[in-house]
């Protein structure tokens, strides 16, 4: 399963990068969303997918059956943080559109005033 | 007080949370934020004494044994960086008061600065690789807020790029942590340092090490990952720029230093050679930028990149001179960059522009500013006996002793370009025929000038009185060169 | 345009309480079964959002007169002080204390300082989520 | 008195200058300043007997003992000679400047602070025994020279000259520092004396030639040797007292000092001898040749200085030959070292006076253009006399000090032809020939300088001011120097014994144990027509003839194209450093985030993939895998399908909904892989995110239909493929090389017993790793206030608040 | 019994895919909303079936949560269609 997941994750990263290279801001933000999905799944996969019971103490489950709880905790933290960042990014995009009147990144050239 | 080393993180956090209750009361915001920075500073000084007396301090949070809970570790390196960061934040708060504008002050500006300090201090102190990620996010989130604070057009435009790059680097960070966890099964840095040498197949670890280099390189703005920096740093107002320029890239640099000396040492011939080459390229790329633009802010901004290269070059040598030089230079660079940004900020305010070509003749009206700037510029370029020199000397020595002979020559030669870029500001803004300036109230001028002068004064002391600091730098270098000190402090309590 | 949304409003009154109850449950259950302050907080926020949907922002502000930024700050302070309490006992930061008690009605219950920390998390989550939704909602 | 303190005496005095200038503005500040060099000069004079005996003095001020940095003042014959020059000429220059610079119009406090700073720097350079303190003072001389040249900072030429001199000399200084560090690594000490003591061992070291070349770069740039001399003519923008002091008598001699000081270490090397002698001689020729092209009085002097410095440099190079010759102290090879020092003294004296005269001419006539000058002889008789003495000494005419040293120079050059090491026997003949030609030109430009200014027709209509003799005060200093020029001719051996011999002994310790061993007798007449005398006579004849016909052929200098000159090279470098860098930077700093991302992602996957394969880290292991279930495959397909939908989506709404679908699939993965907490959180967050997406993008216009170019798309696709492949490959390898057990077993075992909880994930979050959570909610909190400020605080409407506008 | 669960799962999955198609394709927003609501129900069933298959009770919270979210989501969407905005600033305008 881990092998399939590795490919899925690679695919997610690929799609994310492709989207981030496009000029539309919303596609870029969607790309960041995919990127974090990929990263979260990666942690889970790297922790091993072999557990047969959720990591919640229950009767009749031996310790080795639990799924690895540490990656799950890490993912939880990472999810929350990427949620914060994504919301910020969305509002930023919203404000940028209000001020700059575009969501096209090509029209948002920087201050690199090459004189 | 076993928790002493947490105070530099918790005090600003506490005060920042308190500040959220009355955003509109400016005077209270100012007083409390300054008080927070002072209190933090005091706690850092105590911590410094403690570390100096008793060696590396470590506390494992929640009383869980070392690899299982999160460990916070204060060795001399991290204390020094925390100290510099706190000093700079304190001065930035003072400098902000006359410059940042009432509207910004009413909109959670000071809490954001304190949150940034929380993140920076935390990143310097943590002993856990995932916790490092969390602190990175704290400081990044605060920096996102500060960079867009005010919502001016360039700010909005540049913060999108800044944000995007950092989101990518965060995702890669998480991925890299996942890989590392997969191979080693642990997250604690000291534990990693114990476990990594047990692994015989170093190949995959080398790959992971390179990934971490890329991840931290995004933050540290190494070649070719620095492209986001010039635009992003150009957008926000000067105090924020000073804060960013002095602190943010240094966190990335610190992370590289920590990981590359503590546990990614299994394949030095590959990883550190690579680091050295990248460092040299970073210096060169920074030099091109520093010379290319006639904009006071940009010139100093690109000098950040150059300094990053110089520091990493010292680290890449992995010998005593190189590492100690890099550490000295790191501390120096944080202070001098803040000071320089303060100074060019005043210049930009006086002229109402940051374009060098529209400046001139300031020497007639503000001679003292000119002299202070000149001293800072020479300090930046590493002219003895100012603070840039001892570090650079040691780095060059390290390079000559190490494998990268040519690197040292490049470091030396590019010092000239650094000097040229910094002196160009002097020649264009201070010399030449006077041009029209924006009238500036004496009071607000001094409110800006005094913090700048004190910071420059500190760098001068750091250079002339370098002997006072050398034991600290030595102590920091010793831990980096002998990871066992760090490991023992964390794992055998 | 005024629309007739009595159905929605009536349903909301009931559902909001169900959601809130569920949120409280999930918050307290977190230590032993899936859940915790984070999900609890988000659910609470969803309940408030539902209210906002059914009524309007001003009304909801009147019903729940809370400054969400302050709520966030309070949450942060609670979490921080729970963790920091250990400083006064000179044990490492974040050292939790817990014990089992026999309470009437509840039976054997564990009281855990971690729950207090989780309360901080809960408040922050509610505060932040609502801050975001409210500011965007008002700006439209 | 501590020597180090004396070095810093001028700098300490400088601190009081602004105060004196402000409070006692009526008295020219220069009078206070004058005290300092006079005190120093007198003190250094009292040290002469010590060095005559070969004695030395040391004093140390530690700076950073931990890394062995200190300021060590060390006086031997060589240092003392230079110290005397610095303080002596310094005193005369200050005296001169009192009359030269107007106390009302000039910013004297700045001027004298710079000048005193320079004095400290220069004393430091020549007295440092410690390599790093030498470097420190070396850079300080560059800086003070920068400030002095840029003294009239509103003039474009001043700023240009200041920057140019600093760029070139600091470059040399940095290279020299590199050489110093190499030396210190080789010898494990920063002390020059100790390095000299272990000179033989150093020669075998790998770094030896490197150190040699780097240090020479420092010396050549400072002493304006070819091709680095170009800064010196531009430095003439400085006030004339500065030119007299820094750019003829002292600072430019720092390079000579450096070569002299390091001769004992490097003399063993043929590279050293070739480089120093060759470059010196070529510079001598080049400078003297182009001096005649100049139209500016100070320009002529600048080129003359370049050429004279070359002369001394070549002598110093030749002096190193003594190391390779058996019993050199008894042969003709002994002359070079002595001649070098002797000429250095002579040059300082006559060139100082000439600069002062040039200043006087400038001051009294308002121009330095030699084409406008002429016939000043009758108007300014005293100046003319002084100028003539100086010029004749420079030309090497008897009765003036320059004759003696010039003749010794020819002797030394002739001696080279007899030297049979380092292929000198083949090329050696070139040296006297070049020396002779250069001397001819020296002769011509000396005459050119003095006679085209003072003789010929007076052209008052071309002069900005009515010319008349300078005030007496201004003439004192040059007159003193002129007297010295003559005096040296008559008592050369007195000067030799007290000043030159101790210095020579310091340069050539391999020849002499103490100054008293130096047996060089200077005489104007050797009792017969020696080859060198014949050469001198030849110089006079040919030189005289050519000067006579100067007007006819001087114009041929214009044939030298400006485009290929070294100045152009510098200008080009400076252009490259701004305009060029700007254009180059514009190529990649496009401001488009896409380009930046392309570089970054490209770098990322290239570096990681190459690391993966270079280190043979790729591994693929099928053991230890979780079984593949049917349902997992379905979800994976759903996820991939959702992603493809996003990629292909034409409308935003579709893309957003598809993102939601992907998020829900991820949540289902969490369900399947036994992570209920994650699934819960993911579900709520995904829902809220989708809502936020819709909210934020509800206002956007319809996305533009303009498609990106196919080339871009392919490029993007390749980059994306690279990153994706990297992640997959590394993930496979990392998973296949799970080597150590995870720490999470601990959590499973202790969660109930020690942490008092049942949900391990939650307990990790609030307890084991609660610290993470604390700062995770901090991040959330910051995001909250960030969003609220972003929406509420809008400064753009208020224009002109920020300097970006 | 397990067999039954699996069959149910497959059937619901098919429904799921169909609903997804409707969600993406539209053509009207109303179609999408209905699809979304039905998707929520399908998702609830899927998770429920899965937890039966795995044999754990810890997914019950997920089910409850999903239904709540689906309710709120549908409501929000419905309102969006009707009013053109999701939140009212003030009802009594």
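A, B, C, D and E are the chain letters, set down in written order, and residue numbers restart from 1 in every chain.
Please note the rule applied: contacts are C-beta pairs under 8 Å (C-beta built on N, C-alpha and C of every residue); 3 or more make two chains touch, one makes a residue touch a chain.
By chain, with names taken from UniProt: A = Na(+)/H(+) antiporter subunit C; C = Na(+)/H(+) antiporter subunit B; E = Na(+)/H(+) antiporter subunit F.
This structure is a prediction, so every number in the text was calculated from the model and none was measured.
Of all chains in the assembly, those touching chain A and also chain D are B, C, E. Counted as hops between touching chains, the shortest connection from chain A to chain E is 1.
The chain pair D-E and the chain pair C-E differ in C-beta contact count, and the higher one is C-E. Ranked by distance of CA centroids from chain B, the top chain is E. The chain with its Cα centre farthest from the Cα centre of chain C is D. Once CA atoms are averaged chain by chain and compared with the all-protein CA average, the nearest chain turns out to be B. Chain B and chain D have centres, each the mean of its CA atoms, that are 27 Å apart. With centres defined as mean CA coordinates, chain C is found 25 Å away from chain A. Separating the CA-averaged centres of chain B and chain C is a span of 37 Å.
For chain D, the set of residues touching two or more other chains reads 582, 585-586, 589, 591, 593, 597, 674, 676-677, 680-681, 684-685, 688, 692, 695-696, 727, 731, 734-735, 738, 742-744, 747, 757-759, 761, 765, 767-773, 776-783, 785-788, 790-792, 794, 796.
Listed for chain A are residues 16, 20, 38, 40, 42, 45-47, 53-54, 56-58, 70-71, 76-77, 80-81, 84-85, 87-88, 91-95, 99, 105, 108, 110-112, 114-115, each touching two or more other chains. In chain C, the residues touching two or more other chains are 26, 32-35, 38-39, 43, 46, 69, 72-73, 76, 80, 93-94, 96, 128, 132, 136-137, 140.
Under the contact rule defined at the top, the touching pairs of chains are A-B, A-C, A-D, A-E, B-C, B-D, C-D, C-E, D-E. Listing the residues of chain D that touch chain A in their complex gives 582-583, 585-586, 589-594, 597-598, 601, 622, 624-629, 632-633, 636, 639-640, 643-644, 646-647, 652, 655-656, 659, 662-663, 666, 669-670, 673-678, 681-682, 685, 688-689, 692-693, 695-697, 699-700, 703-704, 708, 716-717, 719-721, 723-729, 731-732, 734-735, 738, 742-745, 747-749, 751-752, 757-761, 764-765, 768-769, 772-773, 776-777, 779-780, 782-783, 786-787, 790-791, 794, 796. Those residues of chain D that touch chain E in the shared complex are 631, 634, 638, 645, 654, 657-658, 661, 664, 668, 671-672, 674, 676, 679-680, 683-684, 687, 691, 694-695.
Against chain C, the residues of chain E that register as touching in their complex are 58-59, 61-62, 64-65, 68-69, 71-72, 75-76, 79, 82-83, 85-91. Those residues of chain C lying in contact with chain A across their complex are 32-34, 38, 128, 132, 136. Chain E makes touch with chain D in their complex at residues 9, 13, 16-17, 20, 23-24, 32, 43, 46-47, 50-51, 54, 56, 58-59, 61-62, 65-66, 69, 72-73, 76, 80, 86.
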